[in-house]
Amino acid sequence: MSPAYILKRILLIGYTLLVVSLIVFAITQILPADAAVMMLGENATPDALAALRLKMGLNDPIWMQYLHWLAGVLRGDFGLSMRTGQPVAPAMLEALGRSLLLALFSIGLMLVLAIPLGIIAAVRRGRAADLGVSFLSYVGVSLPEFVTATLMVLVLADWLQWLPATGYVPLTEDPLRGLRHLVLPVLTVSMILIAHVSRMVRSELVDVLQSDYIRAARLKGLSNRQVLFKHALRNALLPTITIVALDVGYLLGGVIVVEEIFALPGIGRQLIVAIQARDLPSIQAGALIMATTYAVANFLADVAYAWLDRRIQYD
Amino acid sequence: MPSIHRRDFLAASAALSGLAMSGLQAFAQTPRRGGTLRVSVDQAVSKLNPLVTRVNPEYLVAELLYSGLTRLKVDMSAEPDLAESWTNSADLTEWTFVLRKGLTFHDGSPCTAADVVATFEAILDAKTASPARQNVGPIAKVAAKDDNTVVFSLSAPFADLPVTLAYTNAKIVPAAVIKGGLEKLDRQAIGTGPFKLVSFEPERQIVVARNEAYYDKARPFLDKVEVVVFPDVSAEASALIAGDTDLISTTPPTEFGRLQKASGIKALRVPSGQFCNVNFGCDQKPFNDIRVRQALALTVDRAAMVDFVTEGFGSPGNDTALNPAYRFYADLPAKQADIAKAKALLAEAGYPKGLEATLIASDRPGQRTQLAVALREMAKPAGFDIKVETMPHATYLDQVWKKGSFYVGFYNMQATADAIFSLLYTSNAAWNETRWNNAAFDKLVFEARATADEAKRRALYADAQKLMYAEVPSIIPAFFDLLAARREWVEGYQLHPRGAVFRLDHVSLGANAPKRG
Amino acid sequence: MIEILRRMLRSPQGALGLVIVGFILLVVTMGPWLAPYDPEKMAPLMRYKPPSAQFWLGTDQYGRDILSRLLHGARATVVMAVVATALGTLVGAVIGTISAFLGGRSDEAIMRTVDAIMSIPSLLLALLIVNLLGKSSLNALLAIALAFAPGMARVTRSVALAVRKQDYVNAAIARGESAAFIVGREMLPNVVAPIIVEMTIRVAFAVMLFATLSFLGLGAQPPASEWGLMVSEARRFMHLSSWMILWPSLAVALVAIGFNLLGDGVRDALNPRS
Amino acid sequence: MATPILDIAGYCLDYATPAGFTRALDDVALSIAKGEVLGLVGESGSGKTSLAWAIMRHLPKSAREAGAIRLTGQDLLKASEAEIEAIRGKRIGMVFQDPSTSLNPTLPLGEQLAEVLVRHRGLTRKQAWAEGEERLAHVGLKIPKQMMRRYPHEASGGEKQRVVIATAFACQPECIIFDEPTTALDVITARQILDLFKELQAETGVASLYISHDLALVSQIATTVAVIHRGRIVERGAVADVFARPQDAYTRKLLAAVPRPDHRLVEAAAPRSGEPLVEVEKVSVHYGRKPFLGRLLGRANTQFTGNREVSLAVMPGEILGIVGESGSGKSTLAKAMTGLNRFEGEIRFAGRRITGLGDMDRAYRRDVQIIFQHPDSSLNPRQRIREILSRPLELYGEPGARKDAAAIGELLEQVRLPASYADRYPHQLSGGEKQRVAIARAFASKPKLVICDEITSALDVSVQASVIELLVDLQKRFGTAYLFITHDLNLVRQIAHRVAVMYRGDLVDLVDVTALSGGTLHPYTRSLLEAVPAPATAAA
């Protein structure tokens, strides 16, 4: 894995973000909402609006506005929220932090559960355990977050009263309550992840177990354990890294719904709020930040993969 | 429905009455001082500047941090706030308010007549875009006679000024801040209110602590108030049941049931003038034809509507903006659904084959959609083919509100009949959403406003209501009872029918309240 | 074709998938006739009824029969999803095949751009697009189609590239065939099969995505009986009747499961390895 | 004869399929004594590999067995799972066909050798590595210490196979199964591995079962040979006897099919007359774009050269063989000549200069046709044979020419396929039949030059023979010139007039076929000649 490869990937991230910024900006520009009206509210007078439009450069040609905006973004300045009149970037990054917390817990839970499940299924291929796991994973991937979430709220929060239905408490403020509030969102998010990844692990492992070198290992008289844990597993788990990275994309999409349902003030919820309030700067910032996160995650995954799997010679 | 205590509104006695009332409200044992109250609201508090707040949670916070000249009591009468007394000229065109001595803002600077004048000038200045502008009454000029006397000269006789000055947005802010630019108040609060701002997270929670320099040495009783934002109403209810919060400022009927059942909780309910309506653009086809409006009104099964829209926690409406919760409510025969008659009217109006229309409903609060969908079904048999379109509230405000010709509105109860009429239905209304522009109606409202005599006013307002009843500028099928709930350890809280007033400085915590923060 | 069907019936997923999807299609086509009541008929006295002999799945906040609404809603939910997927697939397939055929720098450029677009979560992309076009089932459909296109382009391209390497394509080139012929007659027929598989699986996602959009209030509009919308409406009445939220949720899940199973079934059936 | 180490008696093997049981091995009886090398010869699908799995007790659940497989008297069919695990790798070793797939890509070579020692000889890991090093040295690896630590992708095919062999011999097993251990390797490497095998075999006297499809090869290393066909052993005996006096018809067919230089299929005299049909002038091919980032970082140009200034000429009606190991650039040249690769330099054809793809007009493409190595990839699986064959007719056929069923029928008959095949899909044909269709497609345009790119290497010996015969026949009929690309030197010597030898992109030799036996040759060509096993003598 050469520095050139890394440099290339980094340039790619740059390109990605450029494209994303174009798309997002384009969409937000056409969104049916008058930025000035949004900011001053419905009681604003025409002259006040005109003044603000001038101030915000809303009368410039679109591409000018884009460049201005881009220039700001590069300086880390995403503009002021039309809803709260506050700088967008800090709020969004703070929100991102909360989302990442959610994401990390979910991925953690996923790793703890998905991999063993996948292994069991692959080793017990075709037997009850396998069918059980794959049934669960089918259910898992097939339940939209909003369904899982609502059902869990219904049962765990309202009927059994074990957990708070929604809301968010910073871990720094009160760790215990904070965690209690995170349980349901994490369960919801990791559900699909677990289902997805365990299926991946299973199929990868099944493939590997059919490969020549595994047969060779068996014919060398190694025990099943040795064959599985020494020879098969590492080969099977490598591709999973990439899968997990790709799932970050899903994760980001998923948090939008999950955070909305659980009123978790992460970046997903910020985006929904922003979209509903036509808070253009927030939408732009949020979307761009999400894309960045995704791109970076994939970059890291590729690098990790290339590093772990020495066969691959990137250039 | 408990009859609301009717009182003489003559301004002269208002000051007295204020004192009297607070006397009445004294509790069995004197309220305990101290403790943190955690109150939950159902929307973000994105605006902190009291002059431009727009939604109830924002009013709640503004009320904690700022004071007006007067404030609204539970019976919708005015009581002194920063002003300790007031008098008015016989013709009701000039009002003089006397401020308390030694008022200070949170930043320590004194609060004087100058600040009051500056504030009202700001409110009346279009650039400020304050909703109060159209709601504080026909103020022509505000002047400071001396450091603590302010004189309001009105453009027309106006009897309700002390009440309208209690308007949610008419909060006094420092003249200096106004000069320096109001945006200073977007993130910090410099008021004279019972509490000072501690922390402000629009989406999550706002914390305020007792203002030791508050003019009333007794109040507030609480050390701290945490205003917690719950964007999800059912979670909000769950939180109260779980004891995470002490008070729900308002809760939808769908949650009220289980709050009533929950132990340790007192579910609160008060009849109110809050209503959901269907606004017609009376200036354009097809709704410029009174028969079409009447026809649609005739399709509404109002009893069922009360069920659908309020889950039974409300009362049927008669298409007039007033209900018994208002002082000048006139009792008119309850409207009944009559499909045949509706059909006939529709045919008369030139729609024998029926009429298509798109009814727009913003997505919050949910009752709007409820009403729209229910109306759609009720109107079907009469030949109305209504397509319901819901949209995010922001889009609605941007594209439909005050512009559309057929959409669902939702309004808090106002302090006075005049307030609600001149907010919505007179041709010079702040939000003239129906463009009904009925000269007769305007005249009645205007006269009533300038009339001091109770009986005369009642007669005038009765006629105004009859007009609405007959011409249906908007269908008002049901009024809401306001619903809320508190833990039993929360004392001295009275659910205010206005919906935008909370008076949390009168609240205290019982001995068994959990210790917080 | 028959062979493939037979193979599918042999694998448990394939068989189960066929059964479920078959059932769903039945509901989609026959639903309105099977429905015992008018899905929009309100009954003030019949609100929030639990399942009973009269209302098998109970009634909702307007006293409407939930079963009837589900049966009517099947079309709104499933057909939309299928159409959206098909549309997205079409767009994606064209882009992917072209990119693969051009190869070289243009391929690079196209694919990098596709990657870039894919780094916007499809739900978010759909959200933005719907907001742009305005909320309605149709726009949600377009949004989903657009959100799917890049992914399908990727898949198509990788398949097309594999095909491109085959000697029969080389033979065609050596023979001096026109580009059109090579793409149309030699490549596409071999690209289609894997695409179909991918598509079936994506229908499941489309159903979920569409329901999610409606759930967020951006898809179908009341009083439509689209299942996602039914769930989101029911949430408000969760504490008055849990049934209202249970049934549409399960319905959505069932459809998704069905198409997932079917997709995997087809895949296994098409690839001899398994 | 000594007591057999491995003794197979009346062994039958069936696989359960949806259609019922299909017989894979039928009443197989074999025995291998110490020091003996039994060559098991058969074509693909003959069941030779199934037998290997059976001996290693590595059979799918669907297998049903009868008979006995005894290892020094112990019947493996009755052995328990644990016993088998103890036997595998310890008492029976196995060497696999392709070292690049039979070694775990993510484990160091040393580990994969050492683990056997740890497992079966109870050594500590440390000892195992030390011993492993000796082993590697012993199988002729120059730098055993480094080799131990390397990963498979860091070693050459030959090196990897040596590691595999070392592993097989590691525990001094009584018996080792060699499953086509050289097929995946280049001729020369194969040779070296073969020598290594002989060496170790002689040294340890291990009883070896050597499975191969290559009679010539077996004839060289085996003491006894068994020919397997459709799961039955059709003939077995001492190598000399079997090759000299084959009893079974199939054996004879097989022997006859083996390409042998001394048995020419076309008259050696190449047509010298007149202008060359095609001249390749200094043609070079480079793969891969110049990575601009690479240049940005001033890294060496990562381009890799497929051909370096190759020049040659083909006479009309001449068969020019091109030999060389994989990656030597022979196919690259073919691709360049058919417009599948950009190239520098020029090609002169029938007087016209062709310097790029653009110059390859319809006429050129009609006259120069190519046949690819893998028939199943060169025929579009979704087209019927009719469509496949009608394309060239539509493309090149003169206006008058017929494109109807009859024309297709003729094409098929040319390659000795029934006209009825026109309605079939490729997957309904056997490998040989597919290749015939490919040939028919190439000849449809009555070309002057046909480029055959390894067209027989995917086929079994007997099939290959018939395909070659067909080609020769067509050449005689139409006087078509061939550019015959292959790695099989014997085959080339059988049919080519002249032979071009390529090595790492260079054309190192271009000589008359006669010159191969004696004559001044490039050293690589010589080593190539030495490496190729001379086929068993005295047949036919």
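We call the chains A, B, C and D, going by the order they appear; numbering starts again at 1 in every chain.
Just so we're on the same page, a contact is a pair of C-beta atoms (placed from the backbone, for glycine too) under 8 Å apart; a residue touches a chain by one contact, two chains touch by 3 or more.
Chain identities (UniProt): A, C = Peptide/nickel transport system permease protein; B = Peptide/nickel transport system substrate-binding protein; D = Peptide/nickel transport system ATP-binding protein.
Please read these numbers as outputs of a predicted model, since none were measured by experiment.
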Identifier of the chain whose CA centre is least distant from the whole-structure CA centre: A
Selected pair, greater C-beta contact count between A-B and B-C: A-B
Centre-of-Cα separation between subunit D and subunit A, whole angstrom: 49
Distance from the mean Cα position of subunit D to that of subunit B, given in whole angstrom: 89
Mean-CA-position distance for subunit B and subunit A (Å): 42
Sequence positions of subunit A contacting 2 or more other chains: 32, 153, 158, 275
Subunit C, residues touching no fewer than two other chains: 235, 238-239
Multi-partner residues of subunit D (at least 2 other chains): none
Residues on subunit D engaged by subunit A in the complex (per definition of touch): 56, 58, 85-90, 94, 96, 98, 101-107, 112, 115-116, 119-120, 151-154, 164, 167, 291, 293-294, 296-297, 299, 302
Interface residues, subunit A side, partner subunit C - complex: 12, 15-20, 23-24, 27-28, 30-32, 131, 134, 138-139, 141-147, 150-151, 153-154, 158, 249-250, 252-254, 256-257, 260, 271-272, 275, 283, 287, 290-291, 294-295, 298
Footprint of subunit C on subunit B - complex, ascending: 233-234, 237, 252, 254-255, 257-258, 301, 303-304, 307-308, 311, 363, 366, 369-370, 372-374, 376-378, 388-392
Contact footprint of subunit A on subunit C as seen in their complex: 12-13, 112-113, 115-124, 127-129, 131-132, 134, 204, 208, 211-212, 215-216, 228, 231-232, 235, 238-239, 242, 245-246, 249, 252-253, 256-257, 260-261
In the complex with subunit B, residue positions of subunit C that touch it: 40-42, 44, 47, 61-62, 135, 217, 221-223, 235-240
